[in-house]
Every structure is written in C-alpha cells, then in structure tokens.
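To keep things clear, I will list the structure first and then write my remarks on it.
By written order: A, B and C. Residues from 1 in each chain.
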Amino acid sequence: MLEIKELTKSFGGLIAVNRVSLKAREGGILALIGPNGAGKTTIFNLITGVSQPDEGAIFFQGRRINRLLPFQIAALGISRTFQNLELFTNLTVVENVMVGAYRKSRAGFWKSVFRRPGATKEDRLLYQEALGLLDQLGLTLYADEPAGNLPFGQQRLLEIARALAARPKILLLDEPAAGLNPNESRELAVFLRGLVNQGYSLILVEHDMETVMSLADEVVVMNFGTVIASGEPGEVQQNTEVIAAYLGEEEEEAC
Amino acid sequence: MLGTESQYMQYLFSGLTLGSIYALIALALVVTFNITGIFNLAIGEFVTIGALAAISLREVGCPNALAYTLAVIIAGLVGVLMERGTINPARKASVLTLIIITIGVSIALRGAALLIWGTHPYTLPAFVDAAPLSFLGAVLIPQSLFVLGLAVVAVALLFTFFDFTFAGKAVRAAMMNRTAARLVGINPARLSLFAFAFSGIIAALAGIFITPITTATYDMGFMLGLKGFVAAILGGVTNATGAIIGGVLLGVIEAFAAGTLPSGLKDAVAMVVMIVVLLTRPTGILGQR
Amino acid sequence: MGFKKNLLLFAVVIFVFCLPIVVESSYYMSIFIVIGLYAIVAQGLGLLMGWAGQVSFGQAAFYGLGAYTAAILATRCQWPPLLCVFVAPLLPSVIAFIIGRPILKLRQHYLVLATLGFGIFVFVMLKDLGALTGGPSGLTGIPYLNIGSIIFMTDHQYFYLVWCALGLTLFCMANLTRSPIGRVFKAIHSSERAAEAVGIDTASLKLQAFVLSAFLAGLAGALYAFWVTFISPSPFGFTTSVEFALMVVVGGLGTLWGPVLGAAIIVGLTEFLRWAVPVALPHAGGEFEIIFFGIIFVLIMLFRPKGLLSIEKSSMAVNNPATLRSTDA
C-alpha cells in the first residue's frame, strides 16, 4: 500500500537516508528500528512531505506522492504522530482530536463567517467521535484539560488519537511507547493490534524491542541511513549485523 | 535634447550616485542583521538625523568639518541609545517583536525630527564649489564624486577592518556563527551595540553627503532606508558584497526607470523590485538557492 | 454566564444607539465615525495577526483601494453609491487573493517588508496614476450615500451607518472565531506542522483570512469615501498602516473587542495630541503624534511581547518540555 523506492536525502554533507526501499503491506504492521540518527524520523518526514527527497520516489496506493504538500498527503489518508510531540497545547485534549477530524468536516471559512457558531449537528457528532477515540486510548478523564498539562506518556497517546481522528488508511507512529510504563506499553500494543484488525495499516518507529517484536509483522532495521536487514521479527533478531548495531548503541547509551 | 547615449550616461551617473547611498545603508543593515539577526527599520531615521543635525550645527556657527563630525557622532549615539533602550531589553523576544520595535523607534524618531525641524526642506552646500563636469555628453556634479568616494572609502575601510584587525575578525566570526562567537568569549551584547553605532555613523555620513544633491527633510530617511532594504534583499541580506552590488544596481535600475516612466513611479519601482526578489529569489541575486 | 454577556452586549448597543442623540457636536460625531471605520479595518487585521498569525504593514493600501474604487465608480461611472459600497471591497479582496499566496509564504522580516513594500507601491500608484485617481490632489465630487430615499448627509446619520457596518463585522468575526475554524486557527498557532499532518491546508486558511482582512479594509475605505466625499492619497500611506497594526496590538490579539478598543484608543489619542501638542509647542505642525505612537509601540513590544501574535496572554508552548527535546535526524 505504501512503497518507498531508492529514497535518498542528505542534509548539508550528511546523508541521512541512503537509497532506502521498503514496502508496507495493507493491514500489516511494519516496524522501523535502528539506533538514534539511523534516519527513521527522516523517512517519516519524507513520506509525509515535511521534507523532499533528493532522489527516489514514494508511492501510496499506486500513486506517486512525493512533491505533494504535507496536507495533501495527509488528506490521501496518511496520518502521523511526532516523536517530539506537536500537540496543540493551547487547546483542550478533546479539541485536539476534533481538529484532527477537521478535514472531513464541512465547516468552510466563508460559511463560518455567516453562520451562528454554537453546536451544529456536525460539531456535536465530531465531539462524540472525539470522546469515543479518547475513551479507546484511556484519555476520557483528561478530555477538558489543556493538552499541554497531560503527562508525557498520555501526550503521546493523544497524538495517536488525533492522528486517528483524521481517519487515515495508514498510520505512521514515531516512538509511540516512549514515556509509557511497561504496563501501558502492553496496553498500547493491544490497542495497535486492534487497529490493524479494524483495517488500518501501521508503520512504527520504535526503540522498545519488546513492543516491536511482539507487534510487528515485518521489521526493517536501519543504521547510518541504510537498511541493514529486513524480514519477520524472528529472522531479524538472529541477524549478526543487527546485533552488532544494537550492541554498539547500548554501549553508547551506557556512557 | 540630449542624444540617447548621453542620456543613458546621465541615468548611469545619477543611478551610481544614489546607488552608492543605498549601498552604504544596505551595508549597515547587513552588518546589523548578521550580528543581531534583526532588520533595523529605523536606519532611515539615522540618515535624517545625521543630515539635519549637520545643518543645525552649521546654523549655530560650527565650521563645516566640525558640524559634520558632530552630526555623525550624534547619529551614532542615537544608534547606541536605541540599542540600549529598546533592542537590548527585548533581546529574548521573537524576531517579529524586535522588528516591530524598530518600526516603533523609526516613527518616533521621524515624529521627533518633524517637531524639531518642521516640514520644510533644508540644504547643505556642495563640498567643493566647482562647475559640473561634462563627461561623454552627460553632466556630472562634483558632489556625486564625493558620494562615490565616500562609498568606496567606507567599503575599503570596512573590509580592512574585517580582514586585518582583531576586533574586525571577531565581528566577522560573530556574523558567521553567533553561537560559536559566544562560546569563544565574544560578547554578543557589545557586538549588537557596535552594530547600531556603526549603522548610525554610516547612515549619517550617507545623509550628509547626499543632502547637497537632494536637500534634506524630516522624512528623507524613510524612503532612503527602505531603498537600503531593497538593496540588501537584492544582495541576499547576509552578504556585505551583495549589499553593495544590490545598492548600486537598485540605483541604476531606478535612474533608468525614472528616465522612462512618469517620475513619481520611481519609488514604486524599488518596491516592485523588492517584492519580486522576495518572492522569486529570497536569498538575493547572489545567494545560492 | 450567557445572560450577563447578553446584558453587556445590550448595554453597548443602547449606548451606541444613544450616542448621536446625546452628542450634538459634529466634531465628536466625526471622531466616533473614524473610530468605527478604523475598527472595521482593525477587525480584519486582528483576524490576520491574532488568529492566522500573519502580519501586515500594508493594510492602509487595501483601505485606500476600497476608497478609491468606490469613489471612481461613483464619480466616473455614476454607479449608485450603495452598489459601490458593496462592489468596491471586491478589488482589494481580489488583489489580496492574488498576492496573498506567495506573500504569506514569507516569514517574519520578509513578510513585514513585503507587505510594507506593497503598501508603499499602492500609495505611490494612487498618487501617480493621475488620470484615474486625480493624483496628489485627489478626487472630488463623490456623492452622498443613500439607501432608498434616506440620504446620509450629516455626521449623525453616517454614524449609524458606520456602526451598523461595524456591528455586522463583529457579528461575522464572532461567528468565525467561535466556529471550528477558530479552533483550527488556534491549532495552527500552536503547531503548523501538526495541523498540516492532519490534512489542514494552512496556507489556504491564512489566505482566506488575508482576503477577508482586505475586504473589510476595502469596505471601511468605501464608507470613508462616501462620508468625506473628497479623497486624496495622504490618509492611505505607511503611517496609517502602522496605526492599524498598533490598534490591533494595543487592543489585544485574538480578542473580539480588542480591535474596537484599540481603534478608540488610537483615534482618541490622535485627537488629544492634535489638541494638546500645539498648546505646549505652538510652532509644531504635521503628524507629530506619530512620536507617541512609536513610543507606545515600543513600550508594548517591550513589556507585552508575548501579547503579540499569540492568542493566550502567555504562550504555553514555551513551557512544554517536549519542545526542548531534540529531533532524530
């Protein structure tokens, strides 16, 4: 459903992504793993049009999408969360989700100028849907809190709720489990698996190996901007190059 | 009626003269921008203050040289006061806040100039009392040569300063990388002060040199300052050489436009140039894309 | 809470309605008319600055374009004045639509300079397209505005017209900012990237805000033209653009009544200074009040910098620990 071909992107002299190709199947969970700076977030930015690749192409449902603007790509059905959290901190939690659903609403600028605000049928529906999503992610309690006041882990969950509100076909999750405790992580994994059963496709960037291995159908391992291994979780775990890359990182993190 | 060729020479001369003034103002803007990261929209008022202060000092009996020197110092002090009073206290604010502050200072200074000097035009005598020169069929006023000379000398001095003195190298380093400069102990607050003092001085010199040709009014600096911006944007905002080229180019474009379009549209030409450059080549004609 | 608010609104309406009955002096009436006109412009600019997060230092150009279009249609084409009031704002709107998309891509300084440059360009054009605009001496012979047989000749009559227009503007602005679109604008303020990521065309929303701000400026300009019945380029220059921006900032960004308050403060201050300064300094002439505008501007920026371009009084995003984390390259 989403296919990346020979994607290359460099910043200044530094090659962040080097001829990366990968394929996300419909109804599957693809995990992108690798040490910090391996180029995972860059791939997300390229897919969502935040930055433009130097070379290569991205196809979504057979349509080439690089060179489209970020909002156009999102409108095609690609939603994402941000690793470094980009919540609308000046809105409440439920409002964040409602804004996420905005593109489907019929509230046009000029229409809004002449219509009394207050709860239209559509807005009420939007609100109900938003509450439903919050409920699924266990955020109902916080619905009317300013989004910026949420604990870190819950902010990540809200990012997911907001991305889902846009009714995507594929969801890109950038480290969704960071900041969650092991219990919450497991709950999240169950939730994400549930999404796949509902027909969503997922690509996730994750550090937490347990989540990745239990969840992913396919794993792509990156290091220094290139794909060093890919396959089913079990296969990848045995790959020596992968083990080396990860051991190397753990040493770095230890210092 | 002049022949076409000599007419073009005439445009070129007047373009180069005004262009030198734009180049000087643009240079001050670029130095300020590189050091502080902000556009000083009050620079035109420094030009006004320099020119009008020189006129008033002469009126109270100062000899020319003293009047001009004092006027330049006054404008430099205005720059220092502006930096200390408004820019430095807001240094942590957003760029947009800072630029609006400079607009505020600009209109306050223009209002003050209006109160002090009124609306009527003043003039300064030409620096030498010589007959206009004839050159390739066009007329060249001697004062134009002084303006060109000022631009050349100022640019030469500036580049010497940047290349051969320690302070200059420090400023240049800070212009390239503000964080790095701070790390090696260059005081950014002092540099910012330097930038505004320098702007005041350069702008005042520009004002004093151009006044014998154009006359001086309380609002003379507004358009000159804006043209300086256009020149800086043409040259790419961060590039001192570009600022100079941009200034001269703008002067020449304007002079030719003024010769062929209705006279009042001259100012519109500069604005069109600025908007077109901003929209098509935001890094300037010299900058890389 | 709704009741209290409604009561307050009712009181304001009554106050405005009674004003011309109580105030006899034509001079004071004219000040209130100017406040009303400027408040309409400031409403549009407030939407642009406070909600769409963009800035314009060329708003006087749209105001002038509205005034001149109305005047030219009424004098040279003999259109009925009321029709002109509705048609004239379309020209600035269309121009805003055309220039908006590229100009709003510019950031910070560059946006300030581009809008400022546009304002000066239009000002120069008004002065120098003499055949059409009457040049520096302006256009005369603009007829009075009439609605059916009611002719708006006196300042007292015109006051009602202008403040009705302002009321309508406020109504529309309240609708917009309290609608889902208002919420989306707030979201864009907080994170444009995230808004784009959920499929919101932020550029188009900003453009629409820009077009509406130009329309409102044009409407105020057209109303101005039929009030004074004589227009020249001078009220449409850079100083006026700065005053508009000042009104928005003084009144408070992202508020409904802020621009009205700002317009009242700035117009009131101008009139006061025009009276007070010559008393203190008899030889003074010209628009010296700009000194004080400049100083006010600087003071607000120095002491309320967060107020600018943020809907909240203090920006919450600054305290968000997430913004401090670095990105994965």
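The criterion applied here is as follows: a residue touches a chain if its C-beta (ideal position, glycine included) is under 8 Å from a C-beta of that chain, and two chains touch if they have at least 3 such contacts.
None of these values were measured; they are calculated from a predicted model.
Chain contact topology: the protein chains form an open path, each linked only to its neighbours in the line. Relative to the centroid of all protein Cα atoms, the closest per-chain Cα centroid is that of C. Taking the mean of the C-alpha atoms as each chain's centre, chain A and chain B sit 50 Å apart.
Note on chain placement: the centre of chain B and the centre of chain C lie 32 Å apart, centres being C-alpha means.
Chain centres here are Cα means. That of chain A falls 41 Å from that of chain C. Interface residues of chain C, counted against chain B in their complex, comprise 55, 57, 102-103, 106, 108-110, 112-114, 116-118, 120-121, 124-125, 127-128, 238-239, 242, 245, 249, 281, 283-298, 301-302, 305, 308-309.
Against chain C, in their complex, chain A makes its touches with residues 11, 14, 16, 36-37, 39-42, 48, 50, 69-71, 74-75, 79-80, 82-91, 95-96, 98-103, 105, 107-110, 112-118, 123, 126, 146, 148, 152, 155, 162-163, 165-166.
Chain C meets chain A in the complex at residues 172, 174-176, 178-184, 186-187, 189-191, 193-203, 205, 208-209, 212, 311-312, 316-317, 319-323, 325-329.
Here chain B touches chain C in the complex through residues 38-39, 41, 86, 89-90, 93-101, 103-112, 114-115, 118-119, 222, 226, 229-230, 233, 262, 264-265, 267-268, 271-272, 274-275, 278-279, 282, going by the rule given at the top.
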